[in-house]
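In structure tokens below, several structures.
Common to both upcoming complexes is subunit A, partnered first by subunit B, then by subunit C.
Our next item is the complex of A and B:
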């Protein structure tokens, strides 16, 4: 027997377990959302063909459309503000200062916590009467805010907690990106008289663009699926202000047993994530530099 | 080169940033050590005085957190073992073995990155419920609850992932060729070459993947929320939300429970910090 044929057999055998697991965890389910989106399915009875009626009703459902807008709002603000914060902190903690690694640890400690734990901690901080945040506001003479029960502040409150929870992760990616920029670049620029803010805009940022792109894509995909914070902190309220697409999928599928309808909503989310990724790819590939 | 005082200014800003990020964690711990009268005081007291440890035993008595903890450990550890082994095996094959269709299989695996679990939660639930021959189901997948409310059901979404396979493949690609060639000449089987020669060389990648999978499985919420019915199968995250719904504003008790659910991952994180950050950096740079 030659090496080749034994290698071939081993190759298929070795990838088989991964393929089987991925087939059940990803492959079959992705076909599933398209299939079930075309059916009426209550789990108790087998699915019944329903054509594109689910997709049409989803497209006309004000609750769903509101949740879709909320999801985009959450994702856009979280990712734009969050990646700016993460980048600024990375720039700051890339400086050679005493205790730098302790500072970094403090910033990325929160991302080790679950969203459930993070949500509970911030619910307590946002408590209208005894919470830390309103105590601080009262201290400087500002009227306390009903953070999570006021429709205009509920989503921003969740955004703040999400940025707190996740920035550290992206700070580490930015730090790695910053360390990948060759030192000679800065030395050359300094000879030409560029330093500080100018060297940031003429060297750091352009060379960091691939990393920026990566962070925005990964974070957007994650943010589009926000669920836990809303489930724990607000139950999608007040008045639907923090309801997201995944929240609606959860409600329709597992509370109202409308699995076909929930699948149609999932299809929309999948399409949104896909379009977002492609769009980001298009925009950012123009700005990317290679060195 | 820099103006004098620059260093001090940077240092102070860095300190402030670190404090802002650290305060919520500290506030959780401080609150968990306060008696109710101190929790609900205006203006808020910063430090618990005297230290009140009672919230911890009280939380443990009000809900079976030990059981939730055990469930979380079982699910997270099994996810790590299965995922690391399966990913190493597949990553090795994709990097070092030659077989027709290898490239196509690799691309198909990478494509699953585009399918986040939250998107497919409905069909995944249906698949588990109708899984043949489990949980009272017949061969046709009907009759019982399948893999719902079970450990295998909880583990499935974390049991394999494109990221892990990709990570392992990249590591195996960096190893020198002659290692396995000489073993092959001596007649070692492919699995032996993998298990006793190649696997020990990718320990750092396995550690990175293990930490990621553990954290993901430990912290996940939506999946256990959807497939778990019985209290004795709750994971910590699920148990914590149910606990919160019951003790809505008993913040001393709630923060003690939150601390107990978070401390294991925080400790793991501090111990494995290097592995963790290197892994994050790796995932950022090499995709």
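Our next item is the complex of A and C:
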């Protein structure tokens, strides 16, 4: 065996435990989901071949389709508004201001909290009678809002919590991206008379595009799997307004013991996330710049 | 080459280590299986209940049955069903397990529970257990569990708020018309916002609203299924129940913004609602979150649709069941019957917090001196259970979702009943 091939073999051997782990922890369940989506399976009894009937039922199920719409709505608003907020905060906290580190920590802090704890706290903030938010509204003469119990405000309320909870994490990624842009670019632009907004749109944003792409892809994938907030705060209600695909998967798999059906829902979610990621890739590859 | 050899040695070491660990575990479990040890899953015990079982009940059982060992594990109610089902699927479910209100049919229909008919027939004082509680242990004519504790739902109200509204707290409503009239007097509006609901309708993040509707439906004389097993909500009873349900919102004696949160003070405790259909949990909630109102919690009789119809309510029964795949069915039954016996139930029932399943225990202290408990248990004569069905976890969600559409005017009450039948029949056909 040559030195080169023994090096390669050693490399493979070193990654083998991780690969085996990855295969059992992720690969096998993914293959399993595709298989079970073609079966009728109650967990307790063995799976029975069901063909594509589950997928057809899922495609025609108004509850699932409503949840899919809710999921896209949640993901689109959370990612677009959240990325903008995270980027704006990152831009602010990239300036040389007093107490910068403290501000960065404060913005990142909600990320350190579990989603369940955050959801419970926000349930109190949103409480129609005793909540902080309605107390503020009453103080300025605005009629209180039934934040989580009105179908038109329930999802926006969850979106606000989700952006609050997650934007600090993406702010850190944006900060890293901003600090990676060479100073000379700004100096050259300044000589040419470009400052402020012009400098942001002509230098910062184009050079930050790979980071923006990364944030949008990661955040979209995460947002498409929204579950905890709906489970804790609304139970998918009111009237299905916050029911998401993953929430439906949970109900079908672990409450109704319809694992074949839940697997078919997961396959559709997998396809939706895949298409979204490909679309993101196509769109952002047009705007990528190298330096 | 040297590096390759080193890497290979590390791999061999890791693999050998893993195999050794696996081998040890297998040998351990083989040794353990030789002992006649019963695994017992106790769901949602408080620390006091857990200690009582670990320090008194299980050691006492083992003294009487030296050949049977008992290992108790505990879990919370939230994840219990998943743990039980995955355990059954893997063949590793506990021999004896506590199961929840509507679990019998979903688990028994899939072959997860041992039929207990032959054991139960030999039980002394079988009739000491409330008959409605036994009914909830049945599926297709077979008994699969023994009642463990229960909660019977009824009209629960705040006596102080009744007085404040000029109502007689000793004379709570008994019919739908009285209930609605009292709810109107109890409702409080301030600056256009409802600050106190006359009544709650069970809105929560789970299926509370379906449980509320079920009581109205039974009070109207409804039954979930026709004789040929089809959904039967689009019936006169269904129409009566859903119209009354909707009227509570139209007449503004309740509001969809009054949701009962999990693990928190419920609106009755807070005084933001004056009535609800609940049980002993209303008392526990007040005790934990606002003890000074505990004395103001009153329990009425379950409602009747009108003065000429029968009051009806629903009882929720937790039970003890045996895993069908147990290797020790006789020992498992010995333990199940031991912990559900009157002598043992009298020790742990109060600590669990629910009501006892045996009439004899209900007549013992401390129950005998608790007027609220006696008032609640008196309602067992009106109690029924939700019919056993393998899809009983899905059907309440269907009903709940459609009821919420009625609340938000997405569908009319008549259309809602048609949708219930259609969707439930589709599930039953699977």
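As a working rule, the second predicted complex is superposed on the first by the 277 of 291 C-alpha atoms of A that agree within 3 Å, B and C clash if a C-alpha of one lies under 4 Å from a C-alpha of the other, contacts with A are read in each partner's own complex, and residues count from 1 in each chain.
Everything that follows uses one rule, which is that contacts are C-beta pairs under 8 Å (C-beta built on N, C-alpha and C of every residue); 3 or more make two chains touch, one makes a residue touch a chain.
Just so it is clear, the model here is predicted, and its values are computed rather than measured.
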item: Joint occupancy of subunit A by subunit B and subunit C, clash or fit; value: clash
item: Residues of subunit A touched, compared between subunit B and subunit C (which is higher); value: B
item: Contacts of A:234 with subunit B and subunit C, given as first, second, both or neither; value: second
item: Partner chain(s) touched by A:177 [first = subunit B, second = subunit C, both, neither]; value: first
item: Which superposed partner A:89 touches (first subunit B, second subunit C, both, neither); value: first
item: Partner chain(s) touched by A:14 [first = subunit B, second = subunit C, both, neither]; value: both
item: First, second, both or neither for A:128, with subunit B first and subunit C second; value: second
item: First (subunit B), second (subunit C), both or neither touched by A:74; value: neither
item: Which superposed partner A:64 touches (first subunit B, second subunit C, both, neither); value: neither
item: Contacts of A:273 with subunit B and subunit C, given as first, second, both or neither; value: first
item: Partner chain in contact with A:27 - subunit B first, subunit C second, else both or neither; value: first
item: Touching both subunit C and subunit B, counted on subunit A across the two superposed complexes; value: 3, 6-7, 9-10, 14, 17, 43, 129, 231-232, 254
item: Residues of subunit A touching subunit B in the complex; value: 3-4, 6-12, 14-15, 17-19, 21-22, 24-33, 35-36, 43, 89, 92-93, 95, 97-100, 102-103, 105-110, 112-118, 120-122, 124-125, 127, 129-130, 132, 135, 138-139, 164, 167-169, 172-173, 175-177, 180, 195, 211, 214-215, 221-222, 225, 227-228, 231-232, 246, 249-250, 253-254, 259, 262-263, 266, 269-270, 273-274, 277
item: Subunit C-facing residues of subunit A, complex; value: 1, 3, 6-7, 9-10, 13-14, 16-17, 40, 42-45, 63, 123, 128-129, 143-144, 146, 148-151, 231-235, 237-240, 251, 254-258
item: Subunit B residues touching subunit A - in the complex, by the definition given at the top; value: 1, 7, 10-11, 13-15, 17-19, 21-25, 27-28, 31, 39-44, 82, 86-87, 89-90, 92-94, 97-100, 102, 105, 109, 112, 114-127, 129, 156-157, 159-162, 165, 184, 189-191, 194, 215, 218-222, 225-226, 237, 240-241, 244, 249, 251, 254-255, 258, 261-262, 265-266, 268-270, 273, 277, 280-281, 283-285, 287
item: Subunit A-touching residues of subunit C, taken from the complex the two chains share; value: 1, 3-4, 7-8, 11, 14, 81-82, 85-86, 88-89, 106-107, 110-112, 192-193, 195, 203-206, 256-257, 259, 261, 272, 391, 393-394, 397, 401, 404-405, 407-408, 410, 430
